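The first chain written gets the first letter, and so on, giving A, B, C and D; residue counts start at 1 in each chain.
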Amino acid sequence: MLKISLDKLDELFEAISASQTLYIPADREDGSAEYRKYESGMKLSSALNTVRSAKDFFFPQTENLVDFKMEGKNIEVIDIRKESEDFVIFGVRACDARSFTILDKVFLAEPVDSYYKTRREHGTVVTMACTRPSETCFCGVFGIDATAPEGDAACWSDGESIFFEAHNDKGQKFIDSISSLLEEGDTAKLEETREKTRAILKKLPLAGLSTESFGGDRMMEHFNSEKWGELSESCLGCGTCTFVCPTCQCYDIKDFNTGHGIKRFRCWDSCMYSDFTKMAHGNPRLTQLERFRQRFMHKLVYFPANNNGEFGCVGCGRCLSKCPISMNIVKVMKALEVK
Amino acid sequence: MNNDTLIPYIGVVTDIRQDTPDVKTFRVVSPEGGKVFEHMPGQCAMLSIPGVGEGMFSITSSPTNKEFMEFSIKKCGCLTTWLHAMDVGQQITIRGPYGNHFPVETDLKGKDLLFIAGGIGLAPLRSVINYVRDNRSDYGDVQIVYGSRSKDDLVDYKEIIEEWMADDGIEVNLTIDNPQEGWDGHVGFVPNYVKELNPSINKTVLICGPPIMIKFTLAGLKELGFTETQVYTTMELRMKCAVGKCGRCNIGSKYVCKDGPVFRFDQLDELPDEY
Amino acid sequence: MQEAMINRAKQLLADGTVNRVIGWKRGEFVYDVTPAIFETAEELDAEFVYDDFTAANVSKYLVKESRKEGKILAFLKPCDTYSFNQLTKEHRVVRDNVYIIGIPGGPKLDAEKIKAKGITGILGAKNDNGTLVIDTLYGEEKMPYYEALSTKCESCKSKKHVVYDELIGEDGDVLESNRFDMVEKLENMSAQERYDFWREQLSKCIRCNACRNVCPACTCEKCVFDNPDSGVENKAPADSFEENMFHIIRAFHVAGRCTDCGECSRVCPQNIPLHLLNRKFIKDINSLYGNYQAGEDTTSRAPLNDYKTDDCEASIVHERGVE
Amino acid sequence: MQVNENKEFEPLIVAFCCNWCSYAGADLSGTNRLNYPTNVKIIRVPCSCRVNPMFILRAFQRGADGVILCGCHPGDCHYTSGNYFTRRRMTLLFSMLDFLGIERDRTRVEWVSAAEGAKFAATMNEFTEAVKKLGPNRRLEDLRCRKQ
């Protein structure tokens, strides 16, 4: 397997960023991590994952869709779309890598979302296998192997070197572009590291969680469950869970009047917000219970119903650590579980 | 780059007709003349005034009309108020067509049809009614039951009287909620009127109107012996993208904008009651 | 403590004084407690928890809960009683429908602070004479206890309960706190440094609105940011201006009413020190209009609903501090 | 912000003026043919305390380089006490803007009576000069609103 020594990581990043934009998880001063555009001297974060997920790269929180110019009774439509430039996201975890295939199912379904598609085509996802999963991790529940992440190319660290493997042409192209820095390496120690990680994954506190009670065919049963009242009673109705979630993809389209034109933009929206379904003549989801239910039903029932049983959650654990009142999908799954 | 469905076309409003005190019908063509796009009866389009808002409206004209599209719009919120205030010649943005349509080429073909509408609920059905009138030989008897608050609130009253009632094989039954001077027709609510009319139960029903009317009419139809597989309706929820991605117009796993707006009642029965 | 609370709650449920209890419910891990309502003794026994991680302030829930049928028992920490009192003053809670038991606060821990040390896989945490001993998937880890304190507890302003029906444990005193230290530090920076500091902090904002929704002072039926006609983006930091605008207005709308409970910073998923904005207002009010502690009483006029004819002019801002 | 032909920066100033004193004061300065910069845009408000902090921020968003609020002298408010509340609010708001590192000279409160036409003109001249020195507002502008 091709590898690069960890102390040559700077050289690697320099080489990648010389030809295209590179994003890596970097540490913030408060100890958390975020994706940043690579600049010389920047260090790869050792944190398990970033606070914000990697979905931003393909589905940014706000983006301009189209501009309008209004003159008298006339409207001019200005297509402001640009071809995206090539970029690399390095160090994506297995959970986030899977979230892209989930987002693909939404945005690349007919009619294709061209804004998403162009970024997806131009972005190379280089994943990094986990070595120190956290107590909040439960990706295994959704069939994700944290020691064998998806993505265009994957890499593994054995504590001394990083090993590379391509999963498709785009990944191969990426590895070819840095091949002068790589050398063939022995994977014995890597196998050992992976084995250790697998052992940890098995004894994670949430490893025993089951998805058996959920899926597209359980719609009415779960929708009408009496548990929702108790589960949602302390929900604040904020958007934290949806905004840190790598798979939440609901959006709003709004117009902004700049004073010299109209910008129509799209921004993330949250089904937890009270105005999400509000119409001129009323709102079908009036209480937080209904809005709370929508979010979890979508991930555990509606999404699988429309996507051959695939769930809309990747078990990254962000909502577990970030919800202000610590109510999350794991607690919902445990409460709704049919024994 | 291909055109993205979120980037709208321009439409020009060439005619505005005041139908009722709070409903206007707008005629829209492309700036080059002709229709902006083709559609099927029951499908919708997203109309917008940039800076004001965008909303989903059902296309009320029949696809058989090759010159223009029409939208009957009730003054209700921010966008519709703006639309009501505009003049002929105004450009708007339009994208579509969205959603499914009434199965005029399959399930409805050869059937006797019963249309039941209340208030502005006639708008989506008008497209089907005119489609059926223009392809008269493909369908059996047509019966229309239409009710509104008052005579003045009957949308397309002129067209109903002058064209629909004049057609052979079309029976039109109008009703208004309360007695009114100058009205010698039926008075009463739609659900009761339908029961009084006692339509034959081999008809296929297309129903649209306020939720409460739909609820009671459906119950009445069931009493008469209709089954849910015979009854179609069309829904409306808040929409932003209109292509099943923005995630707000769902009823259970179905998106009204993509999987709807036309549903058969047995399909709705399998979905959570959240509309 | 937890034992005593459960026992007293059970008594009050049994004798009909209250028909439900608001407190905290055990989660999956040692730290993820959820505010919850308990209706039976069994529920209390099974799930009620009060420990180092029950930092959440339950006062705001009482806005709705106190309008429901029957009386509710609320366990309030000293800082929570300030929030509750302020809500009473603003007629947002029905005081008579709440039975308040004051409980000693004691500093609370923040799991985020532990994780920030690079400690993952947290399974348990115990205070051992000033050292926090953390049991993890990767073995035992240790860190100084005070470094794991929730930001809001680092500079506790008071151990005194300003409202209660009964107490469990002893009442404490208002403390001399160092809570304005960081505000002062910023004030002494240059305008450019302050600008850079806040740009870095506020650019992290994802507009999840958690700070607003958790705030016991933010109880408007309809928030100004949720008014589509206001032209403010209520869920998108579409421009750096929007980020500034939201946080200035959020803090301004609670100026003079904010009790400095620290919930805004506690819930921020991006760890923005939002409480500094609120504290800046509190500090200004104290220095310009006389010391004022929101929630301390239910009768005094709030500083922004009040004036003196000889108040300082706005130009004072231009004359003092570092430019 | 406007940059005229010889590229000299002309700040855009928004002046909120209370209907009873300052707006009349502005009027008087006009009838007395006193000069003040044309880039001062006056917005009339019923009372200085009608000005919500959001108005001030919104003015900056929409391209103002400086915002000045004018009202009756303390004690002379048409509604008895409106300007006293204004004074507290604006003091706190300006202090907060300063705290966020936004140039403190971009905001000001000035009391101008209906008889003080000269003061109005002088204040506007002086304020415009002060803002001019600061240059265009960059710290509290909305990039989407900037004219290309």
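Here is the rule we use: contacts are C-beta pairs under 8 Å (C-beta built on N, C-alpha and C of every residue); 3 or more make two chains touch, one makes a residue touch a chain.
Here's who's who by UniProt: C = 4Fe-4S dicluster protein; D = Coenzyme F420-reducing hydrogenase delta subunit.
Computed from a predicted structure; not experimentally measured.
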item	value
Touching chain A and also chain D, the following chains	C
Chain of greatest Cα-centre distance to chain D	B
Mean-CA-position distance for chain C and chain A (Å)	30
Inter-chain centre distance, chain B versus chain D - centres from mean C-alpha coordinates, in Å	53
Intercentroid distance (Cα basis), chain D paired with chain C, Å	36
Between chain B and chain A, distance of the C-alpha-averaged centres to the nearest whole Å	40
Set of chain C residues in contact with two or more other chains	228, 231, 238
Of all residues in chain D, the ones touching two or more other chains	142, 144
Where chain B touches two or more other chains, by residue	78
Which chain pairs touch, all of them	A-B, A-C, A-D, C-D
Sites on chain D touched by chain A in the complex	62-63, 142, 144-145, 147
Touch list for chain A against partner chain C, complex	28, 30-32, 34, 46-48, 51-52, 61-62, 132-136, 200, 203-206, 230, 233-234, 236-240, 242-244, 252, 254, 256-257, 265, 267-270, 273-275, 320-322, 324-328, 330-331, 334
Residue ranges of chain D in contact with chain C within the complex	53-54, 57-58, 60-61, 74-75, 81, 84-85, 87-105, 108-109, 139-144
Interfacial residue positions of chain C with respect to chain A in the complex	27-29, 31-37, 56, 61, 111-112, 115-118, 120-123, 136-138, 204, 206-210, 212-214, 226, 228, 231, 233-238, 266-267, 269-271
In the complex with chain D, residue positions of chain C that touch it	183, 186-187, 191-199, 224, 230-232, 238-242, 244-245, 248-249, 251-252, 255, 277, 280-281, 284-285, 288-289, 303-309, 311-318, 321, 323
